[in-house]
Amino acid sequence: MSALRLTLISRPPARVDLSPLTAQPLAGRSAAEIAALPLVLGNRRVRLDELFRVTGTPGEALEIAGSDDRLDRIGAGLAGGSIVVEGDAGAYLGQRMTGGSITVSGHAGAFAATGMKGGEIRVAGNAGDFLAAAIPGDHQGMQGGLVLVGGNAGDRAGDRMRRGALLVTGSAGDYCASRMVAGTIAVGGRVGRSTGMAMRRGTVLLLTPPAGLPPTFNACGRFPLTMLALLARAWRGLPGPFGALPAAGLTVRRFMGDLANDGKGEVLVRE
Amino acid sequence: MSGSPIPAPDSAAVTCPFCGLVCDDLVVTGTPDAPEVRASGCPTAANGYGQRARSDGPRIAGRPATLAEAAAEAARLLRGARRPLFGGLATDVEGARAAGRLADRTGGVLDHMNGAAAVRNLLVLQDGGWITTTLSEIRNRCDLLILAGGDVTPRFPRFFERTIGARETLFGDRPGCDVVFLGHGPSKGTTLRGAVEVIGCDVPALGDAFGVMRALLAGRPVDADAAAGMPIAVWRKLVERMRTATYGVIAWAAPDFDFPHAELTIQALCELVKDLNRATRFSGLPLGGSDGDVTADAVALWQTGFGLRAAFGGGAPEQDLHLNATERLLATGEADVLVWIASINATRLPPATTTPTIVLGHAAMTVAREPAVFIPVGTPGVDHAGHLFRTDRVVALPLFPVRSSTLPSVAQALSAIEAALGGGG
Amino acid sequence: MLLRLAGGRVYDPAHGVNGEIRDLYVRDGRIVAAPGPDERVDQSYDLTGRVVMAGAIDMHTHIGGGKLNIARAMLPEDHRSDPRARSPLTRGSCGHAAPGTFATGYRYAEMGYTACFEPAILPVNARQAHLEMGDTPMVDKGGYVMLGSDDFLLRLMASGAEQRLINDYVAWTLHATRCIGIKVVNPGGISAFKFNQRRFELDEKHGFYGVTPRDILRVLSRAVHELGVPHPLHVHSSNLGLPGNADTTLGTIQAAEGLPIHLTHIQFHSYGTEGARKFSSAAARIAEAINATPNASCDVGQILFGQTVTASGDSMTQHRNSGLASPKKFVVMDIECDAGCGVLPFKYRDTNFVNALQWAIGLEVFLLVTDPWRVFLTTDHPNGAPFTTYPHLIRLLMDRTFRNERLGLVNADARALSTLASIDREYSLYEIAILTRAAPARILGITDLGHLGTGATADITVYRDEPDRERMFSTPEYVFKDGELIVRNGAVVKVTWGRYHTVEPAYDRGIERRLKEHFDRYQTIRAASLQISRDEMAAFGHGAEVRTHPCRRGTP
Amino acid sequence: MPAGHAMILNGVAIDDEFAEAFGMKATRVIITAQDLTWAYHAATTATGFATSVIACGCEAGVERELSPDETPDGRPGVAILLFAMSGKELAKQIERRVGQCILTCPTTAAYAGVAGGEPVALGKNLRFFGDGFQASKQVAGRRYWRVPVMDGEFLVEESTGVVPAVGGGNFLVLAETQPQALAACEAAITAMRLVPNVIMPFPGGVVRSGSKVGSRYTALSASTNDAFCPTIRGITRSQLSPEIGAVMEIVIDGLAADDVSAAMRAGIEAIVRLGATRGIRRITAGNYGGKLGKFHFRLREILAR
């Protein structure tokens, strides 16, 4: 039984919301049913097979081939199974997913992993702004699971993030971890301005020293935190620097802030 | 559906549509074709009323046409569009109502020409809220006025005059109101009666300063020696003044926070105000309302529950403050027809784009590139009656024509297009 | 065009009709007497087995105005979960707690409501409120304008102005803002909050003006009475939500000094301080006082569990409660030396002791107030719950078994403290018709709504008589507005715009000079800019009729 | 007492008896530290005074050492097991012992050692020692608390799992002399320590004060097992044949019945290997006639397997 494979016929003329695909489990639905799923394309409704060639069998695995940055909400609400995106993903990748895995071979658009509660997203390329962030009005961004970005993340990565782990191999943009509520963000490369602004709690682990932190962060000293060993163990084997952190943990410089908001967040900078 | 013309109850006073203060005390005279502000004016009003019509009538691809023909061509373009963008939206309540109706009907997107600035505030409202006040409260109560981002009079020329200018207040005489500028100081010629302080800080880093003041107010240690380019002592002193003011106000004009993610700065400001209100009274004042931005947002909000940047393609409105931004929709080609509405200020031209564009423009507008359809429209409060919301989102003021005009209102032009779309859904 | 609604079981309490099988006739939008034998009936509906009532009237629902638009703006997450797609007939909009005006109008009509009254219109915001209501299709509407924390009134009172002047000001305000009643919210408290007072007791002096809430209640209830405005002063009492506020509420009833007074969302004002948590039900005391005071009426402001948003003019209370916002965000505004507002989202939880007790207190009030003409069915939409919960609330009132089942699910400590389980009363259809039709029309002084007598506006709702009253009241089979079928089987089949209801009591226009001077000296708009003309209002409502109801000066 | 055919291994008589054991509640806590020394300081203190539920509230002991690659944080560690008669009592004991003996001990961290089971607070309440400065961290689905202390952070998992367990497995070693009995028990304990999921809660794993139910003093519910006390053999209904000079008992608590029997087997086999030539004459087990405990460990069945 082969995976259900949707091959994008051509770049769609407007953004397409693919959440209907994962609104219910794929398994148990017929290929004909999938082909006939109504999708909104601009101000019209089209059948899914007007945009995609449908092959394979609906089940636990879904492949989207020739994917494009106009395909929004891939894997929204995913509860289990796997989605493999060959190409780029649009905005809201994996929105509110609770389980399963999504891999993207290219880049992901804005708000990937927003409201994510569980499961795993791996993006080989870059992620757009507001990765793992809350959409306006939602009070929590990512709330669980693991996100691993092979490339860079845009601005505001982890804004209002509440739980889970967000790992960015490359660099992160401005205001990383803004208004972060809790959870763990790790960045391998550089970060932009004002990391941790209005952060409440949570951990930002930077493998590369930042150019500066907001004035509402105070230095607390240099420590080998046992907690980091737990993270290292949890991440062991992941591609990139986080999969190879020393098992005994790291020694880090610890900064706490944002003092405007209780100051219980931490930015840890690898020595 | 703009309603029957409403006679001005007090013709000596005219209400001005040209900035978000929507002053209702102007004296406008002159000939019907050339109204002039005689009293209670300002440079913005003078410019606004001084805009002289250049267009004779509607055009299709540059060729003169009747309103009906132009509407028919606009309807033809809209019928073929997958994602029409109703942008600009510089119009009155009636125009905004008509735009909402047409966006619903055509499955389009609504955004305003000041959308980027408006969204900075909206994001704060949606994510944390705020404590704010309105102009008359400031006029009577304010004893410390802080302008975050610097002087606002280039955008709102009569701001000081209308707020803290009066000596006589409901609660006794006020010798003066202290004013603190965060950013650039008062424009030349500004006279203020109270103590004036200019803190020439780095405006895009003001969020840091608000954060520092929040930390200090909460009694937390701050080790940094500077924020937003100023020593911490400056902020320590300012927050102490804020804490001890009787009724302090911090105003900002979102367009002045023209840097990425400025909503974080505004939120920091609003949270500082909330913190202050645990023990004292202190308010924010978001300044906007120009070009009908508050109006367009308010109308869309009440009709659909969502304000600007809502899309109707899926049948129900869906707001997306990021994806549905005019600049993005045009840059990516996702919007395939642009309806650009600019009835207040002739210089607010449609963005440079190859997207087919229908302009409902001020009759004085000179477009760089001839749009597919151009319909010159009247200005509310100049050519026809209408309603505009003031900056505070509370007061909607009636506007009355100051000259006789044959120009259609935006509402009328949009209704003509809607009629041309034909019956049924 | 003569329409016959044949054979339905009619509940028309205004005429004492209690479930009698009757034919109704409608012509030109009004109910007419049975035609002669030679008159032709153009269309007839067989309503055998159906329950027929006048269109329902919500006399206290926050459907328009600035605070609602703030609530809408604040709650994208709430709207996202309740979209309403456009149809060939209707516009796209969305719910749930602070719906768009289109969704509001459609949904009210779909539940058989044909008139709604916005209870808190700030004078400076009246234009917006009427614009919003003008964009609310299907239903008639009107508003109560808020006074009592406006500096003009407080200055008049502080200067010892005669009642006559206050009456003129109140009348002018009704004219200028095109409203049908006067509301007072936390009398003087909104102003006091601007002076950093955080609580304001009934007999406490305002820090600047020296007047007390009791003084304000006295002069305003007297003004309303002397102007002959049919609707009594609509009072949101002091100390909303505070444990022990029942004493304030009883004091508020007395403050009217025998004149008519309507206490709104009384559930929020019926709290005692007994028990380990110093929070208890005072519903029995309050109901007893209402029962014993013929000049007093109330609406309940029932809370129902779930997410909603609270939107109030009571900035003092809303700021005090801002820490309880869920999700954590709120807006508080001081407005134009006129009033204020506060908006905070709130989630009532059945597991929460206080919320569960609030739920029980509301129901206790409903069941213990004996005169159904003086207690109104409201959730103070959206403050206690969105109006879409009304059918559920009606079932709670009509079905004791269901009520006790629900009671069994709430916080056990609250359950133990409540007397609700011991109350056997079940509302009848006749009584529901009083609460939701006849009584609201009567208390508003609207003589042609809320009943089915000859000459009444033909706003008629037809229900299937289902044992599950929640189902029954959720989706009426037919709703007629002005004699036209607008809803069938709970879905809109025709869009209408409704009309505005106002009053225009007579007054001495001498007050206008004083007001002009006040506005010119202290305000940032002119008095003239505040005034809404009748034509202007009609245009707000898509050409709506503005119906002015008579005031009878000095009516008892 | 031996009934039926005799079972004699290497000269040691194995009684046809059974150990009668009870259901208990148990958990494992993993203690790590900068080095094994400090992990042991915490572990031995935390399991101190925990020989019998009768007066200690719980029975606890070190289960085994853990190498760095076996611990959650990659540091040396020690696993301890704690047993109590109820989950509630166990929770109380965990909180007290972790709070007083691990939180206080330099460099340590404490983790749940049992997957599944009913969660019971490990750091959930101890976190409040942090006075608001504590922080929570979820890693791989498990929640930890980081409590600031003077040497850094006390890292403690929020909860640990409580599982049903078995307490009171036992056997008695009857030898000719006291040194011989003790040597045999030491050998047994050495072998038994290699068995996972068990502890022998008495000092050194060995108890000399076997007890019987009841006492001539009404205030006491148990008293010395006079039938096995050699020095009063002459004046009581002794169960000891003349050549027995000393009796010692090993009590076993385990996470499951199989663990208890495995430990008993390992211990008895070690003793049997010493054999009669080292003075070991007989192995028996304690029970209450099979009426009180639901677990019965028959010595001969255990050894036959």
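Labels A, B, C and D are assigned to the chains in the order they are written; within every chain, residues are numbered from 1.
One rule holds in what follows: a residue touches a chain if its C-beta (ideal position, glycine included) is under 8 Å from a C-beta of that chain, and two chains touch if they have at least 3 such contacts.
The shown structure was predicted, so the numbers you read here are calculated from the model rather than taken from an experiment.
Student: Roughly how far is subunit B from subunit D, centre to centre by C-alpha average, rounded to an integer in Å?
Tutor: Whole-Å distance between the two chain centres: 76.
Student: Using the average of all C-alpha atoms in each chain as its centre, how far is it in Å between subunit A and subunit B?
Tutor: That gives a centre separation of 35 Å.
Student: Quick one: report the Å distance separating subunit B from subunit C, using the average Cα coordinate of each chain.
Tutor: The separation of the two C-alpha centroids amounts to 33 Å.
Student: Hey, how far is the Cα centre of subunit A from the one of subunit D, in Å?
Tutor: Taking the average C-alpha coordinate of subunit A and of subunit D, the gap between them is 47 Å.
Student: Which subunit B residues reach two or more other chains?
Tutor: Those would be 122, 126-127, 312, 314.
Student: Residues of subunit C that touch two or more other chains: which are they?
Tutor: In subunit C, the residues touching two or more other chains are 74-76, 80, 328.
Student: What parts of subunit D, by residue number, touch at least two of the other chains?
Tutor: Where subunit D is concerned, no single residue meets two or more other chains.
Student: Determine the shape of the graph in which chains are vertices and touching pairs are edges (line, ring, star, complete, other).
Tutor: other
Student: Any two chains that touch count here, so list every such pair.
Tutor: Final set of chain pairs in contact is A-B, A-C, A-D, B-C.
Student: Which residues of subunit D touch subunit A once you look at their complex with the stated criterion?
Tutor: Interface residues on subunit D, with respect to subunit A: 32, 68-69, 72-75, 109, 133, 135-140, 144, 146, 152-153, 155.
Student: Given the complex with subunit C, which residues does subunit A contribute to the contact?
Tutor: 136-139
Student: Under the definition above, what is the set of subunit C residues touching subunit A in their complex?
Tutor: Residue list for subunit C touching subunit A: 74-78, 80, 327-328.
Student: For the complex, give me every residue of subunit B touching subunit C.
Tutor: Per the touch definition, subunit B meets subunit C at residues 1-4, 6-7, 9-10, 13, 15, 24-25, 93, 97, 101, 104-105, 122, 125-137, 139-141, 162-163, 168-171, 247, 274, 277, 280-281, 283, 297-299, 301-307, 312, 314-319, 387, 389, 392-398, 424-425.
Student: Which residues, counting only subunit B, touch subunit A once they are in their complex?
Tutor: 81-84, 106-108, 122-123, 126-127, 207-208, 210-212, 214-215, 218, 220-224, 226-227, 232, 260-261, 264, 267-268, 271-272, 312-314, 321-323, 334, 336
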